[in-house]
Structures are given as structure tokens and as C-alpha cells.
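Same chain, two partners: subunit A is paired with subunit B first, then with subunit C.
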Partner chain A sequence: MPDPITQIIQLVTSTYFLEIVVFPGLISIAILGAFFTWFERKLTARVQLRIGPSYSSPAGGILQGFADIIKLLFKELIIPEGADRFFFIMSPVTALIIGAALLGLIPFAPGVQIANVEVGLPAFLAIVTLSPTLVLLAGWSANSKFPFIGGLRALFQQTAYEIPLWLSALGVVMITGTLNLTGIVQFQQNNGWLILPQALGALLFIVTSTAEMERLPFDLPEAESEIMMGWQAEYPGPLFMLVQGPAFIKLYAFAALFSTLYLGGYLGPAIIPPIVWFFLKTIVIIVAVMLFRSTFPRVRLDQLLRQGWTTLLTLSIVNIVIAYFIVVGVPAI
Partner chain B sequence: MVSQGIPEETGYIIFLFAATLALVITLRLVISPRDPRPTPEKKAPFESGQIASGPGRTRFIIQYYPYILMFVVYDVIAMFLFAWALDLRALGASGTVPVLTFMVVALVPLAYALHLAGQRENW
Partner chain C sequence: MTDLTFLALATVTVASAILALEARDLVYGAAALGITFLGMAGLFFLLDASYVGAFQIAVYIGAVVVLILFTVMLVGPQLGEPPLELRRLSLLTALLVALLLGTAGSLTSAAAFPGPDNCGGGCDLTRLGTTLINQYGVPLEFLSLVLAAAVIGALTLAKADRKG
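Up next, the complex of A and B:
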């Protein structure tokens, strides 16, 4: 019988644990998150003819994200008067757990997947559904006006994009006949990338998932220029860092899901290993979503609700019809 | 989980990382600022520099409430379609016709609900 210390060392160095903690898990996400925060600021600056962060290292401020993490980590923890302490602290923590659960479902390469669930696609979408509820809870618990308005906006916004998001993913399920994410990639290995037959679905998916990520043009819950970061307004430094973490994880997880569903995931010519293909595709999607931020103005809440329930829903039903005809064949008239 | 032959160096790197993390957390607890007697201004909620007034949990935005009611119903209906989509090839027309009927029956009330939700004077 091995002693407990040996058991702990065995657990910590097991492949399973390493996948969760190091790669593709939390540490690599934290480093990527710090890097992409810098990249997004630099990209937005270039679009707006500014310079962007440039002081924190010789190479154009590339360490800015890490500097921000250290700065935020050592700030004072102020919880506003009358706030519900439990929900105020637990909402970002729970959001981080939800983000980690999302990453566990993505097949990064053949065999590099934390949980190969048979119902991976609906599980991903169901887990991500929880996050607007957490936003509402965080906004309510702060006992302040701007966070509460932000939380309510998250709640209403969810009703607009949630159904088109599910229905755009439905087209992929109809064509592949599986809910397993690895199965969807294997289908694309034999039949080509799904972005060609599902172009409309891919467009709908990226629009609705941008709304799900609460990024511009759909960042109503945290609109800086309207309601001062919305539901994040009252969060002090360390907790603000915890709030920003899940936001990036969601961006990353949705980009990974998009490349899995429509761009063939880890598939690609064998010159480059599969995992590099996967990261290349994911990074392209992340950069595209970042460019949305500097391209589109923010929508109004009533416009978003109206368009979500009319245009997006109609287009996603059209997409289902297209997927149906792809599966059964166009009937001869 | 059983160890699958990770080399000793990797274990060492992970140990170093955990030690760094523990050091950072300890440093955070020791050197980060703490205010034993915060002033009321410090703990007041943020209202763009104004002195905070009134309750923080303000009123519900009621004019979008119909969309939530619609969402509660139609989100579940969208879930049902996944069961149909999964076995689309095997089911054929015998499965598709009921689902199409179901969708048409579901979408007619949706159009009426959207019509009602657009009429602001009701709210």
C-alpha cells in the first residue's frame, strides 16, 4: 500500500490532472488570456489609430496583461455597503467553474480531451446557459443601480439569442447525426468541413455566440459608456480579475466550439500537428470576434430583442430547412 | 487516476508552479492594503461620483417581460427538436411530418405573441 504522499504525487502528475490544470486547462488559458488582453487592446488601438499599451516590456507592451493581473491581485478588497456577500463573491467563482467545465468538453486533438461526453454539444450549450443567471445574481447582490440594470439586461438579452443559438447548432446535429463533438469532427474528416453546407448556420452561430459572450456589439450588460461596466461596476480588484477570467474563457471556448463544429476542429494537412491546426483556427475566430468590437456599434436592448425573435429566429429556421434538404436530398419538382 | 509515466522533471515543474502560487497568495494576504475602519464613502455604491441615493435594487424593466414568457415556452420546444435531429436519417417521413406539424403549431402563437409584445401601450 503506497503512502498518501506518493498517491498525491501520482495524482498530480497523472495525465488527467495535467490536462485539467496545465494544458488545455487553466494555466494555459490564464497565459493565453493575459496575452490576448494585450492583443485585443493593441488591435483596437490600431483600428482607432492609437498606439495602445507600450510601456510594460520592450516588445510593444506584450507583458501588459500580466502586469494587470499582478496589479489587480494586490488591490484592496472592498465590498460595497448592503451587498449580499455570499452571492457577490460566489458569482465570479461559479462563473470560473462554468468556464472550466466548457473547456473540458472541447476536443483539442485526437485524445486530448478532458471529458469525451456522448452529448457534448448540448452539454456545452446547457452549461453556458447558466452564465446570464450568474450575471443577474452578481448584479443583484451588489446593491447598486448600475450592476442591477446590467444584470437585468443580461437576463433579457438571453431570451433574444438563446433559441437561435441552439437552432443554429441543430443544423450541425441534423447533418452529422451525432451530439458528440469528437464524432462531429470525425464526420467532417470524411465529408469535408461543415462551414460550406452550413454557411448560414455558421454565421448565425457566431452572431449569437457573440451575444452569449457579452461582447460588442452585444455587450449590453456591461456597456461601459452607458452603465459603467454594468454588473461588474462594484467588483474590487481581485474579484474584478476573477470576473474577467470567465469572460475570456467563454470567448476562447466558443471560438474552439465554432472551429470544432464548422471548421473541422483539429483536422488539417499533416505537415502541422493537429493541435496546432486547432489553435490556428481558434485564434482566427478569436481575432474575428475582437474585430467586431472595433467595427460595430452597440445595439439597443429593444432592437436586440425584436431582431432576435424575428430575424435571427427566422434565419435559424431557414437554416434548419437547408440542413433538412441536405440530409434527405432536394426533392425533384 | 493512475499515473501514466510522467517524467520526474514535469512533476518538479508542477511543484514549482504550486509553490509560486502559494507564495503569491501568501503575499496577497500579507502586503495587500487593508482598511480596518473604512469610511462610509468608501463602502458606498458607485453612482458616477454622485452621493448614492435610494435603494440599489431598482425597478424591473417591465416592458420586455413578454419576451421572457415566450422564452420560457419556446426554449423547451427548441430542445425537443434535438431529439428529432439526432435520428433524422433513421426516422424518414414518419418522424418529420409530426415534427413539422408541431413546429407550425408552435410558431403561429409565437407570431401572435410577438405582435402583442410589440404593442408598447399594453405595458
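Up next, the complex of A and C:
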């Protein structure tokens, strides 16, 4: 019988453990989250001809995210009077777990994937559907006006984008004939990236996933100029960090999913390793989504609902018809 | 290992189902219902039906629980009715349901379900799709009414409150 210390060493050095804890798991998520907070602020600042964070280090304030984390961690944990403590604390924690679960499904490189689920794509989208419910519970539990309005907005928003989001990803499934994310990447290895035949689907996917991520121009549940950060308004320092974390993890996960579905994931000329290709594509998508933030004004809730149920839904059905003709071939008339 | 996972999932499912019925606060009830559905999805995953599991989460939590929460939030987060007292009628109902389920259970012989389809690593989704549409088209359409039922339930809750 092996002694416990050897067993622990074996566990810690096993690939599975490293994948969960170090990469693509928890530690890399935390570092990337801190990096993206800085990156987004810097990028938005540059677009708006400002300087942005610059004090935290010589290299343009690149450590600002870490400084923010340390600052937030040392703040007092105040739970508002009359708040529902259970949901108030559990919602951000569960949201963080959900964000981490999303990253477990993404194939980062051949073999570098925490869970190669047979139905990876629907599993990803199904896990994502949980987050507006958590936003509502968080907003409700704070027992305050603006958080509650923000939570309700999150639910309304979900009814607008959820169906187009699933339908836009369906085009990829029809063409590749698989729901497995690794399978989708392998299909693109033989048949070229899907961004060209599925250009409309890719556009719809990025619009609806921006709505899912609650980012401008669809950040209605937060909308700092209308309802003061909405559902996040009552969260004190350390919990606010837990609330902000999942937002960046979701941005990262959706960008990774976009590059997996439409940009060939880790595929690319062998000059640089697959994982670098993957990150290059993901960062391009992240920059694009961050540029939405600094360029588009926020939509109103009724505009989003109307566009979601008319334009987006119609276009996603058109996209499915396009995918059908790609699979079956255009009939000769 | 599977037994332990199964036991844990089953306990969570049953306990949260009881909580969903008995919780005085409607929001807690709805959240417990969501956990019940999550547990059921877990059971589906345990049965290697990951496709069904993913859609269990998407449809039941992403739509049904959301609709219920919508209603609860819109009619105001007040306390719901106190739990009904145990009456003879509810005992009778419990007995009837148990009898019905028992009869159904004893009637479902092995012949009714010709064994688990052994499809190795993962069942062929293409075959699942064609079977669903070709053989079980009508039941599928009826199953899709579950969302209609959820909408009607949500509307009933909202309306009942406005009268009172």
C-alpha cells in the first residue's frame, strides 16, 4: 500500500490536477482576470484619448488588476440590513463556479482540455443559462431598488438573446455534424475555418454572446449611468471582486468558444505551437468585444427585446437555412 | 463510486424537491426547484445521457425556473401561503399516487424497454435525432408543451395575486 505522502505527490503532479489548478484552470483564470481588468481599462482609455491606469508599474500600469484585487480584499465585508444573506453570498460564489465550469469544456490545444464532453456545445450553453437566474437572485437578495431592477432586467434580457444564441450556434452543428467541441475543431482542420460559410452565424453569435456577457451595448442589468451598477450595487469589497470575476471569465470563455467554433480553435501553421494560436485568436475576439464597449451606446430594454425577437431570431433562422444548403447542396433549378 | 455519486445526487434531488414544496418563501422554493432540476440533470449525466442532461438544464432551469422567478418577482417577494396541514385528503392523494406509480412500475417489464442500447463511448446523436422525429414525433410535440404549461402556471400565479 502506497503511503499517503507519495499519493499526494502523485496527485499534485498528475496532468489532471495541473489542468484544473494551474492551466487552463484556477490560477491562470485568476491571472488572466486581473490582466483583462487592466487591459480593458487601458484599451477604453486609449480609444477615448485618455491615458488610463499608469501608476502601478513602469509598463503602463499592467499590475493595476492585482492592485485592485489586493485593495478589494482588504475592504470590510458589509452585508446590507434586510438582505437575504444566503442568496447574497451564494450567488457570486455560484457564478464563479459556473464561469470556471465553462472553461473546463474548451479545447485549448490537442489534449489540453479538462472535460472532453460528448455534447460540449450544448453543455456550455446550458451552463450559461444559469447565470441570469443567479443575477436575479443576487439582485433580489440585496433588498434594494436598483439591484432588483438590474436583476429583472437580466431576466428580460435573457428572454431576448437566449434563443438566437442557441440557433446561431446550431449552424455550426449542422455543418460539422457533431456537438463535441474537439470534433468541431477537427472538422475545421479538414474543411477550413467556419467563419467563411457561417459569417452570418458568427456575427449573430458574437452579438448574442455580448448580450449574454452583459457587456456594452447590452449591459442593461448593470447600466451604471441609469441604475448605478444595477444588481452589483450593494456588494461590498471582497464580494464585489467575486462579482466582477465571473464577468471576465465569461468574456474569456465566450471568446474561446467563438474561436473554437468559427476560427478553427488551436489550428494554424505549425511555426508557433497550437496553444499560442488559440490565445492569439481568443485575444483578437476579446479586443473586438472590448471595442464594442468603447464605441457603441447602450440599447434600451424594449429595443433589445424587439430586436431579439424580430431581427436576431429571423436572421438566425436564415443562418440555419444557409447551413442546410451548405450541407445538402444548392438544388439545381 | 457510481453508487456514491448516485446516492448524493438522489439525496440532493429529493431534499430540494421537498424544500421546493415546503419553503414558505417563494423565492427559496423556486431556487430549490432549480436545484432539483440540476440534480435530475446530474442523474441523466450519470446514465450517460449527457445530451438529455444538457437540455434538462437549458429548458428546465433556463426557462421554467426563470418563468417562475419572473412571476414571483413581479407579484412581489412576499411570503407565500403557509404549508397546508396534513389532511385526510392529502393522505388519500399520496396513497393514490403511490399506487399509480407502483402499478406503472410493475407493468413496465423488461419487454417494454428492450435493454439499454449499448452504444459504447457515446450514443450516435444522428440516430437519436432521426428516431425522435420518425418514431416519437407526436410525443415529442406533446413534450414541447412543457413550456406552455410553465407559462400558464406563471400567469395563474400572477393573476391570483392581483385579485386578492
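As a convention for this text, the second predicted complex is superposed on the first by the 333 of 333 C-alpha atoms of A that agree within 3 Å, B and C clash if a C-alpha of one lies under 4 Å from a C-alpha of the other, contacts with A are read in each partner's own complex, and residues count from 1 in each chain.
The rule we apply is simple: a contact is a pair of C-beta atoms (placed from the backbone, for glycine too) under 8 Å apart; a residue touches a chain by one contact, two chains touch by 3 or more.
Only a predicted model underlies this, so the values are computations on that prediction, with no experimental measurement involved.
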Which superposed partner A:F87 touches (first subunit B, second subunit C, both, neither): second
Touched partner set for A:L152, first subunit B, second subunit C, both or neither: both
Partner chain in contact with A:L136 - subunit B first, subunit C second, else both or neither: second
Which superposed partner A:I127 touches (first subunit B, second subunit C, both, neither): second
First (subunit B), second (subunit C), both or neither touched by A:I272: neither
Subunit B versus subunit C as contact partner of A:L170, first or second or both or neither: first
Subunit B or subunit C, by number of subunit A residues touched: B
Subunit B versus subunit C as contact partner of A:I31, first or second or both or neither: neither
Which of subunit B and subunit C A:Y324 touches, first, second, both or neither: first
Which of subunit B and subunit C A:A160 touches, first, second, both or neither: first
Shared subunit A contacts, counted only where both subunit B and subunit C touch the same residue: 122, 140, 148, 152, 155, 158-159, 162, 166, 177-179
Contacting residues of subunit B [partner subunit A, same complex]: 1-4, 6, 10-11, 14, 17, 24, 27-28, 31-35, 38, 40, 42-48, 52, 54, 56-58, 60-61, 63-64, 67-68, 70-71, 74-75, 78-79, 81-82, 85-89, 92, 96, 103, 107, 110, 114, 117-118
Residue ranges of subunit A in contact with subunit C within the complex: 84, 87, 117-119, 122-123, 125-127, 129-130, 132-133, 136-137, 140, 148, 151-152, 155, 158-159, 162, 166, 177-179
Residues of subunit A touching subunit B in the complex: 9-18, 21-22, 27, 73-82, 122, 140, 142-146, 148-149, 152-153, 155-156, 158-160, 162-163, 166-167, 170, 173-174, 177-179, 228, 233-234, 238, 301-302, 305-306, 309-310, 317, 320, 324, 327-328
Residues on subunit C engaged by subunit A in the complex (per definition of touch): 27, 31, 34, 50-51, 53-55, 57-58, 61-62, 65-66, 69-70, 73-74, 77, 121-122, 125-126
